[in-house]
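Note that chain A is present in both complexes that follow, paired respectively with chain B and with chain C.
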Partner chain A sequence: MHKPNVQLSEKGKLKHFLTIDGFNRTLLTEILDTAESFTGVFERTVKKIPLLRGKVICNLFFENSTRTQTTFEVAAKRLSADVLNLNISTSATAKGETLLDTLRNLEAMHVDMFVVRHADSGAAHFIARHAAPHVSVINAGDGRHAHPTQAMLDMFTIRRHKGEFTGLRVAIVGDILHSRVARSQILALNTLGTSEVRVIAPRTLLPAACRTLGVHVYHDLERGIREVDVVIMLRLQKERMQGALLPSEHEYFQLYGLTEDRLQAAKKDAIVMHPGPIKRGVEMDSLTADGPRSVILQQVSFGIAVRMAVMSMALGSQGVAR
Partner chain B sequence: MSDNKVYLKAEAIGGLIDEMTQALKSRLELLQISNPVMIGVHAGGVWLAQRLHDRLQIAEPLGSLDISFYRDDFTRIGMNPQVKPSQIPFSVDDRHIVLVDDVLQTGRTIRAAMNEIFDYGRPASILLATLVERSGRELPIQPGVVGIRPPLNLEQHITLTGPEPLELVIGESKQNAGDNSD
Partner chain C sequence: MKEPNQIRITGGRLIDPVNDIDEIGDLYIADGVIQGLGKIPDGFDAELTIDASSQIVCPGLIDLSARLREPGQEHKATLKSETKAAACGGITTLCCPPDTHPVIDTPAMATLVRKRAQRIGTTRVLPVGALTQGLQGEQLSEMDTLHRAGCTVFSNAELPLANTLVERRVLEYAATFGITVLLRPEDRHLRDQGCAHEGPVASRLGLPGIPEAAETVAVARDLALAEQTGCRIHFRGLSSGTAVRMLGQAQQNRLPVSADVTAHHLHLTETDLEGFDSNCHVNPPLRSLADRNALREGIAMGVISAICSDHQPHEADAKQAPFPSSAPGISALETLLPLTLRLVDEGVLSLSAAIALITCGPADILGLPLGRLSVGTSADICIFDPAQHWQLLAEKMVSAGRNSPFVGWEFAGRVTHTLLEGRVVYNAPSGGMIDNEIGNGTDAWLQPAIRRPETIQCE
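Up next is the complex of A and B:
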């Protein structure tokens, strides 16, 4: 440990959740266990617990994402927190000073937590560094860098279906280059002790230093998913693509689109995941997306429990830190 | 640091549980409740409730509550990573509930437990049964059935250890550190 992890309080409790990087297996497992205990709340008449009553959580979205914002909002409300939703388009905000000013103004409204989504890598870190000491920050996706709660809900989904991570073979398919989700997933999978993590993508959609992430690289879908337990499909992030990285969506589907037929190569009980939104007929066909092995909608439900866990752990550590 | 002494051993506690069973029976009869359900508060309350549930031959399975999500000191002590999900395997609506805990001291645990029960539905009534009732109440909460009332001062804390064998342990501590007996 050469430098202190800004994500932890002085007592080593979760304070900010910005990236999977720097967290050990114990803490990631604690997040999954805490999320597990929240799932019982959804089966009750009153789907709400008073844990964060009186706390104010601000969804600070500089980049649109209806699904992510909604699940954060539902999670906060299930914990009885008050939620402010702020959608600030990046074009309207000059960076640096203005972001700080926005922050100061919101702090003056007694916000206890910021959930930040931003097109620039490092935006959530920036806010965490400059926020008042009692404020927690959760990264809900920053540029190409990280999307740690998405990765943790994926880990939760895998653990629910497969139990232990040791012995598992997991394949991540698609646009690894632009995917903050993939980066966070690979870190989380390796930290939790997954036996083999594979990435499957055309050369143009792989980062240059891919192998240093601790993955096996495949360029052929059918070879890559052979005998895997989990197939994670990624979204093609066309909005982030400049120039000709892809010949056409049609050709991409021919080579990398997941179909029931191709899925035969994976283990019989393999599960298929996707962070959404899915482009049917590009990343996978409808039969697979709605098929018996797809757990895509479960990922959304589990996302609420995981976000409840991260929020309550971060805000619960405030008192402990002092 | 505290110096722990065993106050009651398993056999004596078994005797208390028998007495509580009888007291509960006559109490329920008096209230004309023929079909109660039972909920134990994690962890000591559940150990005790399992024994009472067996002896009273209650038809519905035992419910258990982990009140961590309802604690009023959450922002001071933070998240307990070992929260067990609460399990109420029956509808609480219009049911008569026997709520079981090991030690009643401040009453805050019972307040939290009742809050949680009401998030599952609207029970007809709640009757509180505790193995130990002791001084230190901070809320107007009254047990219906009690196993024993040991005379303790506020520096002393009493804890049920278990699940096998059950023992009541008394410790002395200056700050009530680690005291779970509320």
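Up next is the complex of A and C:
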């Protein structure tokens, strides 16, 4: 059965940004181009443009994340929107309020956009399906499913450094199984025409039927990053040692930790990325994280431009003058 | 109004897989019992005649697993609402799993469920006894006492026994009394926090996966223990092709094992989860197309001998949540017959074989002389119009739970009459339910189930 793309308005414009899945290359490129046009805003003395003046954007975070929430807040404020920050940690759900009740309460405050983070895969879809028709939803991470704005800022960073995606070889290293970032990156890279996407991890950190995601699977770091243009390192959460997925951080670093030495296998001009926060000495050593090929801090500042692009496009699609 | 005692059903196509009957003829009922097929019994004087021309007359359906939510979760559904839904779906006998609140682990609870259902009088409800006290998987329940109180079969509901020693003892104790044990083959550790089949769709959607091995490891373990103990076991709800093959092999080795499959596993697959449709959140999970096809082959080959609804009605809120947090289960009583008939349209089964899977198939698993049109057996009858096309609409569902992924589907074949022990409990042409509440349901057809093994008197 064909299900229509809930992320697009009737006119085919961006309405919700829940996952990269279902978007074509044109739309992803439009997001990147729009983000490009916003990068100039940071250099101005007045770092604001009045695109979303009078709009109310609500950061609805059911999982704590200071960093992501801050970049969304900064992006919204640069667009002159009003921002509500709501951190509804697990305690609020323990009080018995359902997700729908929370949503209805906030809608009553005339919110135009929800930026949602939730521990359940599919939570952003659920909220988009039940939100009032005029409300846009941006997924800021749902369970293991998707984190599309993070993936787009990574695409932006890659495009800045490499130009085109065609011909590129990209390796993603680490906990693919639990990573919403990796899932969105893989979809975005493939949609944008990347020649080869590789994932590098032990079997315990790879999802079942991994190849069906459109990747080449490697278990050996040095072989996996041979001749690649981009190395994306993923976060490794401490919980992974408890679920019998990994023996120790020590062994993980020995096998999958990125060092300058190992990076020799990649192309000379390869860039190193990480969605943050980095655990030095587990995912990569300090020398690499702060090294000449690391573009990790650029990712953070590009993140604001990309989020501005997505927010303005989603709210612009509802007939607000751009 | 006095109920008609002698009923004649005329002109219908009688289908009874047990007696290999498929012919147009009349059916005669008196005193709640089938009196004759084809020719009129001596001295029969019909007080009620049901015209079944161009319709199919078959035994009333038997469902091996349906949650009725009463007692304990009446906000989801009640015995009254669900037995009514069952009657509308042509179901005359259903098994109520022991995970009610409180658990069916005492004779009082078994009697309560049975008697309440009898007072309503719409559907025969068989309480399934708990294998262990409180379903805790630690201490044996009083199986013999529960058996006497009307528990025909036993299970540990959705809480598979984690301790293999307890499972061995449970099966040995049940075997002592010739009791059939229903097992949900699932390894709890492998299932973990999973909520979807571990495959390409769950990988892409980032849904925590339930591997096939969560089922096959349990099937292998249960088969080994069945062989060790000689207990007759039945797998409640298979979902994977590998499990079907393992079962087929065990049957070839003459192990007394059987299995059922839910109607939804025969029609849906993991791809139906796209868009995070929480109505497709079920346990065991919807698996791959290859698994679905293997399950279809399993019923066609007779390895799987029953189709069940695994009815789990929910209030709307239980499904109004992100997929992993929504409650699993489908409200499925009303789609059991139409989904089974659909398999005939799709060329999987003959009509007679399809009807066998929802009548005599489950009856044989329960060890009850039901699900057949034999003279002298309970007049539990389902009459349906195979040509009537209809669409399942949420607001038209009779069950209190409207959680069905089949809403919007079009079906061919609709129940027109349901008779339980010779009483018309559902009559579509005259507006549906017959509200009798006269409390004349009986235990009569439960007694033959109490089978004592011959060796019990030894020494």
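Assume the second predicted complex is superposed on the first by the 309 of 322 C-alpha atoms of A that agree within 3 Å, B and C clash if a C-alpha of one lies under 4 Å from a C-alpha of the other, contacts with A are read in each partner's own complex, and residues count from 1 in each chain.
Simple rule for what comes next: contacts are C-beta pairs under 8 Å (C-beta built on N, C-alpha and C of every residue); 3 or more make two chains touch, one makes a residue touch a chain.
For clarity, every value in this text was computed on a predicted model and none was experimentally measured.
> Thinking of the overlay built on chain A, is A:Leu246 touched by chain B (first), by chain C (second), by both, or by neither?
Touch status of A:Leu246: no partner.
> For A:Val6, select first, second, both or neither according to whether it touches chain B, chain C, the two together, or no partner.
second
> Of the partners chain B and chain C, which touch A:His125 in the superposed model: first, second, both, neither?
second
> Please work out whether A:Ile88 is in contact with chain B alone, chain C alone, both, or neither, and reply first, second, both or neither.
neither
> Find the residues of chain A that appear in the contact set with chain B and again in the contact set with chain C.
Looking at chain A, the two contact sets are disjoint.
> Report the residues of chain A in contact with chain B in the complex, numbered from low to high.
Residue list for chain A touching chain B: 13, 30, 33-34, 36-37, 39-41, 44-46, 48-51, 312-313, 315-320.
> Name, in rising order, each residue of chain B that touches chain A in their complex.
Where chain B meets chain A, its residues are 66, 68-70, 74-79, 81-87, 115-116, 118-121.
> Would you mind writing out the residues of chain C in touch with chain A in their complex?
Contact set of chain C toward chain A: 198-200, 202-209, 211, 274-276, 278, 317, 320-325.
> For chain A, which residues count as touching chain C in their complex?
Residues in contact with chain C: 3, 6, 21, 98-100, 118, 120-123, 125-126, 130, 142-146, 180, 183, 207-210, 212-213.
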